[in-house]
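This report refers to the structure that appears directly beneath it.
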Amino acid sequence: MSRSLARLAAGAALVLFAVLFILPLLWMVSTSLQPEGQVLSGTGNALTHLIPRRLAPVNYVKALQTLHFVPYLLNTLYVCVLVVAGTLASCTVVAYGFSRLRWPGRDTLFSIMLATIMLPPAVLLLPQFVVFRSLGWVGTYKPLIVPAFLGNAFFIFLLRQFFLGIPEELTDAARIEGASEPQILWHVIAPLAKPALVTVALLCFVWSWTDFMGPLVYLSDDRMYTLTVGLASFLDRHRADWSGLMAGTTLVTTPLAVLFLLGQRFFVRGIQMTGLKG
Amino acid sequence: MSSRVSVDSPARRWAAAGGVAVLLLGIWWAAPGRRAQARRTASGVPELHVWSGWMGHERDAFEEIVAAFNVEHPHVRLVNTSTAQDDSKVFRAIVSGAPPDVFFIWNSEYVGALAQHGALRPLDDLMARTGPLAEDILAGGLAQCRYEGRMYALPYLVDAYALFWNKGLFREAGLDPERPPKTLEELLEVAARLTVVGPDGGLTRMGMAPFALHHVCALMGGSLYDADHHRVTADSAENVRALEWLCALVERQGGSAQVDAFSAGFGEYASSQQEYFAGKVAMVESGQWWPSFTERFAREMDYGVCALPYPADRPDLRNTVPFGGNFACIPAGSRHPDLAWEFLAWTQTRVAQAHFARVMHGVPNLKQFLELPELTTGSRENEAFGVVCSLAGGPNGRAFPVTPANTLFSRELELAVDFATHGTKTPAQAMHDVTVRVQREIDQILEAGR
Amino acid sequence: MSLADRRRLVRGLLFVSPWLVGFVGLQLYPMLLSLYLSFCRYNTLTPPRFVGIENYRTMLFADEYVWTSIGNTLFMMLELPASVVLGIGTALLLNRAARAIGLFRTLYCLPYVLPSVSAGLLWLWVLNSDQGLVNALLGLLHIPGPSWLKDAQWAKPGFMLMDLWGIGGSTLIYLAALQGVPQHLHEAAELDGAGPWARFRHVTLPAVSPTVFFLVVTGALGVLQYFAQTFVMTKGQPENSTLFFGLYLFQNAFEYFRMGFACAMAWLLFLVALLATYLIFRTSARWVYYEAQEGAR
């Protein structure tokens, strides 16, 4: 009896928390669909406004235009896709060097690399800015894209862990048949590591999409903005046009939410693979 | 395991890779930012790059000006880039060694710092060559261009502030709608009379929303900086009095908690949801663009415009006008300083001033263009605009001083208001703290520059 | 070194060269550069000028806002215990074979995938004292809501509420840890007559403790760098109550022309982070080893 009661309580808590987590998002969407005058009218409160009385999709038209959604989306995709491509290419090769090859000094370098995972990005921001500046890259996409082609310690670590799990016999057999190391990587390891590569691609895409500091610091021309920076400057220009702001926020968030829905099992798997679970 | 290798045939993998490559190329081709980044091909005519902060219809208006300039000047092509009101973008571009040829600063905070660090080209010699004369420029605008005795910026239209009041709400409160408050003391009384408390104890209307501290300082006759001796004077008696007055304004309308709660419900600035247009606030301090906003967002409103009030004991400060404006600078690293100046000098002509003033609702920055009939007559909007223009021409134009630490200075002043209105610091203490912090920063900058 | 060794070394270095270039060019050299700049006055427009330890002295003894920002940042650490409780709690709720559990998992994690800028804008509105969702919910319970982001006392708790809302990422990690607890341990405890609390206390909690530790330390690193949210939402207002270390560092570097000073701040942050990292590595050699072993199987 008490057991089923406990189950009921747990079920209720499960639903309650789900509501609490999702309520702000629902409210965001409902605000974005109402005219601002209605949202700010003295009557009722946030909860009564959850169900729009009058729909105003015009907020979206306005947000699409003033947020320059389509051009910024293309910019964001441009950066994201190149970053993902660069990260996949560089991290795979480096992880291979750290896992399947044996060479003196490998483990020392590997532990140095592990240590850099913990370097706070905020610390590197200023000196990297000075470096990119001396290269004349400020105001271009290069500071956002080029580093991806130079690997990412976290993803290298993740891929290395995965590569270590692939039986040595497979690569040894390929070596005996005379395959070169790049060939082994491309024909043997890469196909087997597909789940890990997908995880890396997904995580990398999300991080690049949500990046704010990088585009904020390095992009000058507003035609080059990515969505997050565009959204932030939208706030300055439209002081408290809540409906429009929420429409813009919904627009920027939706693609990511969809991606998460599609790829959530990869996310969970990725977390388990990184060994973060303790 | 090995069976999976064969399932994943090379053909499929190549197809997938090809698909990704096509996608990549497509995005690469379509991304507008990439194209903005690519150098525009020049057709033998030098390109002059101007950066400006205007967005939306204001940007369109400036593009019209750019087009008009290009028609008249076939030997150069002016190209506008918008920085979306973020001045620090320009600053980073200068720092990175790829500055625009000429740029408009959004809130002129950076002029002093950029000039101090040698990032701006002084304009005195260029002005001497073609004009305009410094004495033809409105004093409140000119003050924002000068640093250490030299001109580092040129205004292209200025903003001048005045008091706007909603006559309907005056009537409702039993006040004479034709008698706006003349003195700052009177304003406190009137604001309190206009404030309405709802049945739940919260505000439903305010007499007047608080406005920028440095504007109040100007009204009180306070100066924030002694440029000759490089002394911050934010703690002078007038400035402390200004902050005390702002606190009193908040206090007389229910106190900071009430005012904070009420202002959380204010709507978008340029819309009918703006608190003044929505009838939530009866008086507002705003600039010459306000008549045009009123036509757009509250066409039915019966309103008046007059000079901001003065302290009762200082009638000499009557008709004080706080100034803002649009300011253009030429970076020291500009590739075409002479062409840049040609553009700036052109902005001072009658046609360029009148055209831009009409679309941007800015005050012409040259005295001789203050009373252009096409701008100041013919409609209620134009006449109200004309009232502000004629105020702007008066002798009491005031502006934020140009110091090498203005970003810090203006943020500190905002903080002082924050601290004082919430009772965390006394006004005198808050202004003292501003003075100490900004003075220390300015001292260090000047010492390093020596 | 033998010829074969040398060939292997060259080949290995060739493979890791992308990372090596990135490490030297984008991490090592910039760090050393910023160390040098932290001893300079550097406004970024004129060449840096060496001033010894002036920046560090100013930072520690003369600029009270540094301490304000450190205080604010440390205050935010208070959210870490709450995030542990909420993270484990939600993970326990999700660690069941209920119907549609996948859907719930998604609902719990959706806030986490929001870009911090989006989340910030949304919460600016959620915490609006007049029309906001939080105060409307409090109103249901007849609790008068505070002004949140307009009130120096309540701004930081407002930020914490927002962070806890985005707990989903931690929940997933805790969930993975819970699923790694062997079922037979639970069964054995139950046979011994242990109640649910005792089982949680003596079986579950020890098993997830490394995860707790890991998440607390990385969470602390995250708090140390708190930036995007306050940059978008409050810019340090009201009354400097949301002036966090990361924000003040950014303002110094890019708004006040004090790059040298900002570099000194960055180095202080780095030293603190180094300490945290050291703690992780001293205590977590175990999980790295364990995973590698499992992977090699």
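Going in written order, the chains are labelled A, B and C, and every chain counts its residues from 1.
The rule is short, and it goes like this: a residue touches a chain if its C-beta (ideal position, glycine included) is under 8 Å from a C-beta of that chain, and two chains touch if they have at least 3 such contacts.
In this text, all values refer to a predicted model and were calculated from it rather than measured experimentally.
Engineer: Have a look at which chains touch which and call the overall pattern line, ring, star, complete or other.
Structural biologist: Graph shape, chains as nodes and touching pairs as edges: complete.
Engineer: Of the chain pairs A-C and A-B, which one is connected by the greater count of C-beta contacts?
Structural biologist: A-C
Engineer: Where the centres are mean C-alpha positions, what is the separation of subunit A from subunit B, in Å?
Structural biologist: Taking the average C-alpha coordinate of subunit A and of subunit B, the gap between them is 36 Å.
Engineer: How many Å are there between the centre of subunit A and the centre of subunit C, using C-alpha atoms for each centre?
Structural biologist: Averaging C-alpha atoms per chain gives centres 16 Å apart.
Engineer: Which subunit C residues reach two or more other chains?
Structural biologist: Residue numbers touching two or more other chains: 128, 131-132, 254.
Engineer: Which residue numbers or ranges of subunit A touch two or more of the other chains?
Structural biologist: Residues 40, 217, 242 of subunit A each touch two or more of the other chains.
Engineer: Would you pick out the residues of subunit B that each touch at least 2 other chains?
Structural biologist: Where subunit B meets two or more other chains at a single residue, that happens at 92, 95, 265.
Engineer: Provide the residue numbers of subunit C that touch subunit A in the complex, in ascending order.
Structural biologist: 1, 5, 8-9, 11-16, 18-23, 25-27, 29-31, 33-34, 37, 90, 93-94, 96, 98, 104-111, 113-118, 121-126, 128, 131-133, 135-137, 139-140, 165, 168, 172-173, 175-177, 180, 196, 208-214, 221, 224-225, 227-228, 231-232, 246, 249-250, 253-254, 259, 262-263, 266-267, 269-270, 273-274, 276-277, 280-281, 287-288, 290-292, 295-297
Engineer: Considering only the defined contacts, which subunit C positions touch subunit B in the complex?
Structural biologist: Listed in rising order, the residues of subunit C that touch subunit B are 41, 43-46, 49, 62, 128-132, 147, 150-152, 237-240, 254-257.
Engineer: If we count contacts the way the header does, which residues on subunit A are in touch with subunit B in the complex?
Structural biologist: Against subunit B, subunit A makes touches at 36-37, 40, 42, 66, 71, 74-75, 77-78, 81-82, 85, 132-133, 136-141, 167, 170, 187-188, 191-192, 194, 217, 219-225, 233, 236-242, 244.
Engineer: How about subunit B: which of its residues touch subunit C in the complex?
Structural biologist: Its residues touching subunit C are 88, 91-92, 94-95, 113-114, 117-119, 257, 260-262, 264-265, 405, 407-408, 414-415, 418-419, 422, 424, 440-441, 444-445, 448-449.
Engineer: Can you name the residues of subunit B that touch subunit A in the complex?
Structural biologist: Those residues of subunit B that touch subunit A are 1-2, 4-5, 8, 13, 20, 23-24, 27-28, 30-34, 36-37, 51, 55-56, 81-86, 89-90, 92-93, 95-98, 204, 265-269, 271-273.
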